Amino acid sequence: MSILADILSTVFERRYRRSGAQDSRSMTELCTDLLGNPGEMSGGLLARLILDRYADLSWDEKRAFFAFLTDHQGVDPGAVRAALDAYEAQPDKASYRTLMAAAEPPRQELARRLNRVPGATGQLVRMRADLLRMIPDNPEFAMLDLDLRHLFMSWFNRGFLVLRPIDWESPAEILEKIIAYEAVHAIDSWDDLRRRVQPEDRRCFAFFHPAMPSEPLIFVEVALTSAIPGSVQGLLESGRDILPEQDARTATFYSISNCQAGLAGISFGNSLIKQVVADLSQALPNLSTFVTLSPIPGLARWLADRNETLEGADATRARQLAAHYLTQAKRGDGLPIDPVARFHLGNGARVEAVHADADTSENGRRQSGGVMVNYLYDRDRITQNHEKFAASGTVAASSTVRSLAAAAAFEDA
Amino acid sequence: MSILADILSTVFERRYRRSGAQDSRSMTELCTDLLGNPGEMSGGLLARLILDRYADLSWDEKRAFFAFLTDHQGVDPGAVRAALDAYEAQPDKASYRTLMAAAEPPRQELARRLNRVPGATGQLVRMRADLLRMIPDNPEFAMLDLDLRHLFMSWFNRGFLVLRPIDWESPAEILEKIIAYEAVHAIDSWDDLRRRVQPEDRRCFAFFHPAMPSEPLIFVEVALTSAIPGSVQGLLESGRDILPEQDARTATFYSISNCQAGLAGISFGNSLIKQVVADLSQALPNLSTFVTLSPIPGLARWLADRNETLEGADATRARQLAAHYLTQAKRGDGLPIDPVARFHLGNGARVEAVHADADTSENGRRQSGGVMVNYLYDRDRITQNHEKFAASGTVAASSTVRSLAAAAAFEDA
Amino acid sequence: MSILADILSTVFERRYRRSGAQDSRSMTELCTDLLGNPGEMSGGLLARLILDRYADLSWDEKRAFFAFLTDHQGVDPGAVRAALDAYEAQPDKASYRTLMAAAEPPRQELARRLNRVPGATGQLVRMRADLLRMIPDNPEFAMLDLDLRHLFMSWFNRGFLVLRPIDWESPAEILEKIIAYEAVHAIDSWDDLRRRVQPEDRRCFAFFHPAMPSEPLIFVEVALTSAIPGSVQGLLESGRDILPEQDARTATFYSISNCQAGLAGISFGNSLIKQVVADLSQALPNLSTFVTLSPIPGLARWLADRNETLEGADATRARQLAAHYLTQAKRGDGLPIDPVARFHLGNGARVEAVHADADTSENGRRQSGGVMVNYLYDRDRITQNHEKFAASGTVAASSTVRSLAAAAAFEDA
Amino acid sequence: MSILADILSTVFERRYRRSGAQDSRSMTELCTDLLGNPGEMSGGLLARLILDRYADLSWDEKRAFFAFLTDHQGVDPGAVRAALDAYEAQPDKASYRTLMAAAEPPRQELARRLNRVPGATGQLVRMRADLLRMIPDNPEFAMLDLDLRHLFMSWFNRGFLVLRPIDWESPAEILEKIIAYEAVHAIDSWDDLRRRVQPEDRRCFAFFHPAMPSEPLIFVEVALTSAIPGSVQGLLESGRDILPEQDARTATFYSISNCQAGLAGISFGNSLIKQVVADLSQALPNLSTFVTLSPIPGLARWLADRNETLEGADATRARQLAAHYLTQAKRGDGLPIDPVARFHLGNGARVEAVHADADTSENGRRQSGGVMVNYLYDRDRITQNHEKFAASGTVAASSTVRSLAAAAAFEDA
């Protein structure tokens, strides 16, 4: 597609392109011109120029650019108020159009116009990643971010996403991104990657957007197993026996990674799990159990806040503490403190089992003393679990987990 | 994808699906529930149910549905005003979020949620086609239409569209739509279609959206010729000689058709011409001239309003009148009356030549006495033409056309 | 690929190409040169030139070309005898190589060298179609044909063929060939075609060879039905109800057509049925019955030879005569007279049922008085049926068909 | 495709498959049965069984299998002689058919029947690789090898091969084979591979056969450069500047590797170079020079035989010796001793330049003292060079190389 972008400029508007590098207009002038340009004849070139310029900006220049968008391309309260008065006086097409136009900040239209050129979507996603890094120090940029997020929720609407299997036949340029983006259990080499995507008892799926065809948005790694596994190192060891796929009864989701920092807050995980469960059920009718093997990222910290530790705890004690934490430790809004728990419980899963010594990596030791958890996606309970959780924060858990939690609670008391 | 939709429902939420037909909730209740449902677990099923129900509604029921969206899912001026006051008092992330939420009518979010299920995009486009047919009798629906159009402009952003060649290797299900949607020079059979897409001196290109992969959005038919042609029947005749593609010097765009009534007002034509010119230039470096052979749909009517007629006019007189009409006949806003002229001149083309007896079909005779026009896309002038036209309505025309127009004007006086 | 052929000539060997049209060498000289040319540097151009020349030959010139290949490019018995003597005297690599070379007529190597250029395979298949038409008047060409058939059996080895579904998404250039090649129940329009490939209860599959990607070799049309059908007009009628695919229990093969006259004698039908049964079983596990609805092309003629006729026969009598003919009428080699019966019985099917008034077309009336037959492919019996048929000509038939045949035989006596 | 093979067996002939593992027949019985089985109904299963069995044979068992094919599936001289007599007495279709049948060893038909099942082609290629390894110790197997080679030349006919670019978007399973098969300049990691296929001034192309879609047959690596390069380490260094592709004037073929030991003696290199030159010329019209940077594998050994060495030789002397060797050192048949020289000169290239210190790897030092050579493919001379070389062994060389060779010859004398 970038070839086409080049051709377009070559053929059509040499004048702009040629002078692009030396174009004396500032970024703010270019943006103002793009917004003032109703047609598309030169809009594409302007958009390309702005995006190319942006990529070359220094960090401070980017900050200045965002400040310009924040300060000068936001809504004009006076205009909104006038439009609102007119609309209330006579609510018709003309007054509604004026109101809608006034209530939408120009920077949203600017982003849409930038998005007209090939490759722009990915560039805008990266732009938001820059923006998100600056917000802690520039909280006023949060308004601009809300606008971008609003647009991205339209552009990355679930109906536009495509699920693709990732396997050893996938393009290397996709696979190297899987290596780079794996956020839960690091992939340390191409051989490690191969062990996760090539054997018939391993699967990987990712969502893609048609405008970013070589950039996965989110991916999940799945192990097909006979029973519910209780150790991630067991799943990943290099010499293990391969299970013939028709013998698998359990699909274990052992890693889910978001790939695009610039799409933070736009949730794909729920849809991904849902569709992968559906696709695997269709392809492998023998599968009867869909479960995760998940980290418990907040456990050690939460215990530390309570002067508890997993160091020296035996397996039973470790599992009790984890069960307690997962089912009882809540935030102010009544939802679990643990972010992974919130995600899966919110999807309608339940806490099925906890395992000590399940993640012996340094990171696993540090965050949860090596304890991991299975969340079970039981098709017959998923809606009910989800609804109770959404309504009242009720955490669904197996009786085993409830007993462990109760034992911990008892000692805790 | 529709298979997947079925699977999803089968696997996950049998309860909803099974009861879908007898679900006692009304459309308005379903929409309210979908908006009230924050997660996606059951949202997909609700969306599917609403879209399926909609497809079965009678015309009057659809009208009632649109009335509900117009009356009950619009903006609440009081809420907007309150949010505006709060934002002005303290413009920060929280107040901005509240303002943006208040200023966006809930029916926009409803449409986004409906769009989460496979196939929804096409169904929503068809829904808007229904809506547009009702607006003349229900002008209050225009507000709802502005909201849908606003969303569609995001979803059908130029960056998301894909250009595909249409030829004799294209799927029959696409080709039959080309036959159905051709709006300028009707295609009367598969053989007629084949003559337009199979020979090496004929090309056809269409824009597609990834979420509607078997529905062309707009397409253009191109004839590769040695010189600029002056008769559409000549281009389409069945026994003609085929020109080897490397001998072509001129690419003639002789038909552009929008395919989706539900995408009215979302312009693709400009981008389509631009990209087809770019692609053809790249593929066939010998091409030096890019031109249209276009109808003049408003000519006869405009002459009739002036008690003029093309009946009995000789070729010279017919061409003078056409040249005059194209270059001089303006609307109140200073732009040409003729819609096809507005389109191509707005793109930066110029009026290159007019031809009598160029379209001898009944429709051609009726609308313009058989006269047609070539608009020339001259790469070196296109930006300049566009800018003058946009700024002052200046119509670019060849000296021949200007002379013809002047002669007509003289007699006219 | 033809573009590449052009490029090759353009880039590499302008000299040959330029002079191709006026190349003064005869076809026989060109062939001799191609055989004498060990490398590939100019061989490709020579091959292209020969194939292009061939396409322009008159019928008489083609005959002369085949006569040259028959008379001058066959085996040399003296050389074979000498090589055989040497091989018997000392059977080693060198003598074996010489023997193999002597025993293979040069025209086989010529065909292989012609086949090196893009598109050659299809041209050679068409060349054999010409040859086959000439053999009745030129029986000596049968030797050349044996050589081509020998090569084609290697080139069109089952392992190289690709099965593709043919549906309404298939390219028009493929679909128009399905219309053209349908040999059993003519397809009279694109609408008729659409009725056979688009509904969910209709399927079509074809074998392709990678070197002839837009030319089907053989195709089969399948109707998915609840029960075994007894009328082809019933299957093909335009207003019929569509059966949801998951409700289908029976797959009926109602038409199998070979597409390439030049591949006569190279059987694909057996493999095609076998693979389609396998694929459909996989895709639609509810299917339990695989059956044909087949013509009985030799029935009326065979009866006429016995002074019998189906005219005026009632349905019972017609079915008795058909059952008798299918199960009892044999050739000298003990196999059934009817060619369609030989094909399906040889594949291991059995005669399941006969139906009067099953094909009311003019052709159906003429060849079999409208009677048709179902051959049943019963997976549990197919090998056993095949082996008995191959060993002793035993015709497997249902008890109903055997009873009908017996009744006919009784009256016949 | 292997899935389909499984299905076929599952659906159709459970009997065979079930008993496959314990089938008591020997390999020779299975082969005899396959040859005796005229139809395909059970032939596919037999073929699959034979190929699966073969894969599990020990080396000695494979040797016994080849001995069986050599001794018992060859030609029968008596039968050939009888058929020859009959053919000479009356040369007609029947006698010719008998002669051809007698003159072809049954093992050829056996191989064709084995090749009917999915995946067989690759398995047969690997079988021949085994065979070739045994020939030195079992020279009588050379006859069997001639038969396999004969078949493979039909199956791998140039017209059936497909050229595909290999780049960073290629499937990992293809790329890992490129790493494994690189035979000239070893690829030591995925990063090294990426440097050879991802930058815009690097290209790689491979031939594939449709029946072995994930197995490259041969591939070539190309560097796009401004001038003719004189050092392979320069081409491969990791930190080098990337040349924009439109600035390239020279395409340098710096590595060609055959991938399939089982296809030895079936030449693809000539066609590969030819088509890559054609494709690159088309894609990058600015390219004016096509050249190799090639090793001189026999130089050091040849010098050693003459008590000469490159050790201690200065660059001028090294180049003189290399030029002399390449242009003067001939075999008994008058062709160059150096195998790489024979290949490129046979293709019509000329010796353009020699470079000292051009390959500083250990292997480069050992085989040619680090000297490398450029062979130039000059489109205007290629046919002429090829023909002179083929006719009289004339080595085309630039005047510089001729001068260097002459100087060496002088000192040599």
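Letters A, B, C and D name the chains as they come in the text, with residue numbers starting at 1 for each one.
As a convention for this text, a contact is a pair of C-beta atoms (placed from the backbone, for glycine too) under 8 Å apart; a residue touches a chain by one contact, two chains touch by 3 or more.
No experiment lies behind these values; they were computed from the predicted model shown.
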Which chain's mean C-alpha position is the greatest distance from chain B's?
-> D
Per the C-alpha centroid definition, the whole-Å distance linking chain C and chain D comes out as 34
At what distance in angstrom does the C-alpha mean of chain D lie from that of chain A?
-> 48
Where the centres are mean C-alpha positions, what is the separation of chain B from chain D, in Å?
-> 54
Which chain D residues touch at least two other chains?
-> none
Mind giving me all the chain pairs that touch?
-> A-B, A-D, B-C, C-D
Residue numbers on chain C that touch chain B, as the complex places them | 168-173, 175, 190, 194, 198, 214
Given the complex with chain C, which residues does chain D contribute to the contact?
-> 4, 7-8, 10-16, 38-42, 44, 75, 77, 80-81, 84, 87-88, 91-93, 96-97, 99-100, 103-104, 112, 115-121, 139-140, 142-143, 146-147, 150-151, 153-155, 157-160, 162, 210-211, 267, 270-271, 274-275, 277-279, 281-282, 346-348, 379, 382-383, 386, 390
